[in-house]
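In the two assemblies presented below, subunit A is common to both, partnered first by subunit B and then by subunit C.
What follows is the complex of A and B.
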């Protein structure tokens, strides 16, 4: 099928192949050319050989020297090229030399010297319909001097100190959040829930209150798992949660939060028939073989688990009240621990860390859009509870209609999402993930961007609802006035339909956008559009699959770094290379190398499932 | 790796169960039953019992003669 002139222009560097029979002497136009998107498959199946084929840009306007059939690659001996196409080629040959310094992988830094030292001279002798694009790194560097000339008018100061002063002015502290850490070395049972030194005691018999709080919860057991007991069988891990509480009347997302170190709440359970809650690719098995330790959402090695094993009524595991009841019953216990933490003596604080949210008005405004699951049952999240990762006061995003909810980066890091966590285990974002969200942390500390905030959007089941919410995402970002955005999602499946739609809605408003998802082999995107040019794959598994290891394929700092550099490159006008047809893990390693070449330090990579112990029986049989 | 993955066949089925988090699908021609999480079902309309669904699949092949003890152990815990 032939292509349009506009399409030919955007694919001018692709090989030129006839779409249908063309007669000798015909002047070649886009109507004679086949869509390059289909070439990969034709080449793979041996139907097409592109060796020696000219580019589309080279043949347009040229004369065909011989009558040819459809799907004939246009080689130099078949086409008499037009004068324009030669001129185009000459121009291109000159361009790379000039563009080379800016083509470094960190375009924002790469473009700075250009702005500092050089003169931008554009001469156009004659022309019509000319678009000139200047990388924003240059424009941004030039802007302070121009914008503040009035203030500097009466002063004979050199330009540089003035620019420095203005940069300081443009750093606005919006709010801050302090975490006070309390160390736990032992968790035991006793007559009262309390904290003594570094020993946490959980009241005996609290299980009954937890069970009684929910109609469909039949039983609840608490297991305290210390590091020497990691080789213990567990039902599928539904969620991993920090134990934290706000100090005094402080609200979520600001003020002071108290948190326990080295201990986490872990929610697990089945229905009364023994069917896992969160069936499908569940992560039941020995804990030490099924957890990717140290992932943002996962437990760290050395953590003590306070693990609940909740039994709910038969067949409720796939209904909305099922997972919610398991989480709510667990939270009865967590809440009592939170109250003990709230009362704890200040002298037990072992360390504090403060997160500050700054705005940098002169810089590119960036928003993080996090798509969270909203199809129902375990595909749900409780938003904005009173206490970090609590239940009380929170609203399920399914009940909110999955529409975008704007939160501050500090609200997100303060546990504003209590995740009911969907499938599958390797790619789901658990509550602890948001508490340590690497992309939000990366953006929070980056002074080269103006990080505006986080937009949470649910992923509904039905396509019409997906497009409804994604149009709201586009409008939200338009109103925010974002220059760039990240869109992240967890897992794979129909959520990729709205993921693609969010990117389209954002991209068509002229906002640069980088998408992040687990894709690799198994999670390949089901749909795409022309705005999905910059994508970061969160895969870490060897085979590019959902490997059933908890949190293995979730967003890690290494992915956040790649995404940030990709967005900066896009915003400064660089083109992102086209993705390869099939998943190729070396693309990731090449990008990491390019980044470390510029920053001078290696991108630290996390381990994957190959670092975990295998069961003895498995080793005996297969190794 | 499976040997016959390229042999893709058209399949159809009927939604026979709808839950908040999953649907059950009978494959037409009594070829089996599938239960899939909601996320793996693409829907233009609200899912209802009796609706027909379509997809393509390859034949299912054994990956080898070995028994993976991890999964056997998990099944034992489920009480199967």
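What follows is the complex of A and C.
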């Protein structure tokens, strides 16, 4: 469709194509031109061949030499370019009465050579009322500085690059977090919950207390699944959680955290009619066929599962109290295990690792914005519990109105999010994901940036609320004074509305922004804006779909690396190439290649669902 | 009501229905006042002699007496002002809009124009041209009355250049009518749209919400002008209408003009007068192929009826997935959906032209006849899974649709296809003629013709200031062409 003058100006480097039939002799304006945004589709459909097309900026004001039909690319032989095409076209709403240019043409030729190595060339075919003023001493100095034909295109001459103020190599340690690891080789049931060496015992009968703790929980079973039992049927996996506890009075996000290795809590369940807790796309089935091992949010191969199977009241599976009750009941058990871990003897520590949060003033300030689900029902997240991924002390982000909450990278890595997300399992971030969040880890260790922190923002159900929270995100980043930001999201579709809006709010404040989401085929963005130029797709699936394999399409280290390079490129003024119209997995592999060319080492890629035995469900639905 | 009756609608114009002044049993004659407006509206008169048989909220039904008089009841204007004659005669815009003419002409156009719309733009319609051939002088006098009423010093008759005979006829009389000129229009649809006439003649493109008075002009249909003359010279109220009957008729598909048809005559009676329907038919359109709508045989004609067209049966699209492209030139959504049903297609997607603006419930085109591009719309239809599309676009937009739809595998149907098929005309698809018409600089025309807008070359005064870090050199160019400035 025809475009406005302003739009033409912002797309002056795009190819010029007639939107409609235009007759010979017409002076071309934006109204004659098709919107470049649809060219990809037109080319794909065989409607358009852009070969030889002039740019929009080159044809505006030019004269069409031949009557042409719609979708004709304007090539040099079709357009007599006007002098104005070298300069900006400024159309007033009410154009003044046209003066006939041929009325009194005064042929003028000019060439004003400048001193000292530079030449200012002026050619004027015809014209009148021409004044040229050049204060000679200054112009002579200015010309070489310009050194480009940019002046002819009506742009300001580029300023001489200012010598960067000498940077201070500052490195400030803000806080640190130590994880002490306790190894588990066996989980068994017994009269008391305790840790003996590497054997964890869970008290028999604890299920009843867990059930009684929640009104709408009707039943709870604990299954201890060892690696040799992975081919076991399970209802949909609602969460995968590390079992961790703070040492002494230490607060979440600093001090010492104790954590079990090789064992995870897994929450699963149905309502009393056997309906999965999840509206569409659930991961029920044989565990070994439905879990993408090793993803940040998933169990690792070799982990022992302490899996609860919670039965909640009928029809509560889709209401907010249902999933919350399943999680809370499970946490009764986890909490008792945490207490055992808290008392464990220091001698059982098999290893420690320390995360340090550094600030690098003088470097570009970067913030990670993580959009988390907040639509209600099972889309909720308990923020900042007392214990890692606990329930006690946490506030559901839905109750906080989904407004942005700023946390430190170490709080995030210390389990400050207890995730209640269970539909669309392939792209949702489990609690364990945040515990091992690859982008935060990437940013934490990068000395070339000043990683300021993490902003968590919920994704509300209602559009008006989505824009409410995204405006807060924009303002938060403005106040932080960020130079760059990542916006990540989980899931796809509904949440892409606020995902896009976050990027717009951040981008319009002049902050460089890279978006990360599962998109590919099925999750193609439904909305967009002009700030959504740098995007990283978290897809790993072969077909580019939400394939219900737990955590398959979540953010992995390889995505974090690409995103980081993309943001750095943006912040240093490089242009991100425009995305192709259709999902093309080779864009990702090209970027990985570019990165490994620089780093000298390959970007390590994770496996996808093709490494798993294929389930009957998968065969039916996706093959 | 069938033969022997006339159903005269109380709303034949823009505004509120008129209030009936007669009662059942009243004797009436042609020209008897039947109803008067209370708000915006126009008077309604009987078109026949007889007795009021029935009175409803929407119509007065008159049982005709056997013998019909030659004469009619003359109007009695409240004073001798010309405008009072127009009001008393119930004149409304006869091109189809039905705006009360007395209200329209209540203007002071001291420096403006009366633009006479003789575009007769809807295909097949021919009664306006026939009027010019047969009542040229009276029509021109009507134009003069309109000029007098509005104080306009000039009038321009906008007529398509292809009507050479009619233009010759007008030119014969123009020397006796100083101040009246002719502007030639290209043979494209739509040229008769009010703002299109203003744009073509005066070179001013008005926004869809503006009236021609914004361009110091009034646009008035050529038949309306004649009715103004009749009101003033003959004290004749509006109770008849000129119209065209065309299509699948036993007498052939050639357009047949019927002049001064009594209002209230049914569509069926007129089709009989035109020879009757020739076999199976698709629908009967009241109005033109673009803006008309389907009616039954009993529909009475009104002051705004222009055409009655009987069409061929519709081709069966066998439940094809059809996209509708709405625009101001063609039928409204209701009409398009009606056609989709008749084509036996399933409406799968509805898109509106970028230039179609909703003005009080009616789509108006921002720039009638000049396409804003349609490729995106066609892509949208394709994406929605359409196999066929139905459009009612103007010549230019239709041409643009043809630039992309067929290559996308969309079968294009135009709202006028079944009509054109009926009369053996080529369907509307590609545009091959120019939008420009060479205006004649004849003696008779020259005097009144307004200055033509210079569409072509223009250059604007522009100032560019390029600032450098170290200083400033400025170049000012008042006007010119072929200018290159380069720093190397």
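To be clear about the criterion, the second predicted complex is superposed on the first by the 491 of 623 C-alpha atoms of A that agree within 3 Å, B and C clash if a C-alpha of one lies under 4 Å from a C-alpha of the other, contacts with A are read in each partner's own complex, and residues count from 1 in each chain.
By our rule, contacts are C-beta pairs under 8 Å (C-beta built on N, C-alpha and C of every residue); 3 or more make two chains touch, one makes a residue touch a chain.
On a predicted model such as this, the values are computed, not experimentally measured, just so you know.
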| item | value |
| --- | --- |
| Subunit B versus subunit C as contact partner of A:573, first or second or both or neither | neither |
| Subunit B versus subunit C as contact partner of A:462, first or second or both or neither | first |
| Partner chain(s) touched by A:42 [first = subunit B, second = subunit C, both, neither] | second |
| Which superposed partner A:557 touches (first subunit B, second subunit C, both, neither) | neither |
| Dominant contact partner of subunit A by residue count, subunit C or subunit B | C |
| Which superposed partner A:19 touches (first subunit B, second subunit C, both, neither) | second |
| Contacts of A:318 with subunit B and subunit C, given as first, second, both or neither | first |
| Contacts of A:274 with subunit B and subunit C, given as first, second, both or neither | first |
| Shared subunit A surface residues [contacts with subunit B and with subunit C] | none |
| Subunit A partner contacts - residues on subunit C that touch it in the complex | 354, 370-377, 379, 382, 396-397, 399-400, 403-404, 407-408, 431, 434-436, 454, 456-462, 464, 466-488 |
| Partner subunit B, residues of subunit A touching it in the complex | 233, 235, 270, 274-276, 279-280, 284-286, 289, 317-320, 323, 373, 375-379, 422-423, 459, 461-464, 491-495, 497, 526, 615, 617-618, 621-622 |
| Contacting residues of subunit B [partner subunit A, same complex] | 19-22, 36-47, 66-70, 73-74, 77-79 |
| Residues of subunit A touching subunit C in the complex | 1-2, 19-21, 23, 25, 27, 31, 34-35, 38, 41-42, 45-47, 63, 67, 69-71, 82-84, 86-88, 90-92, 95-96, 98-102, 105, 108, 118-135, 138-139, 141-143, 145-149, 151-152, 154, 156-157, 159-160 |
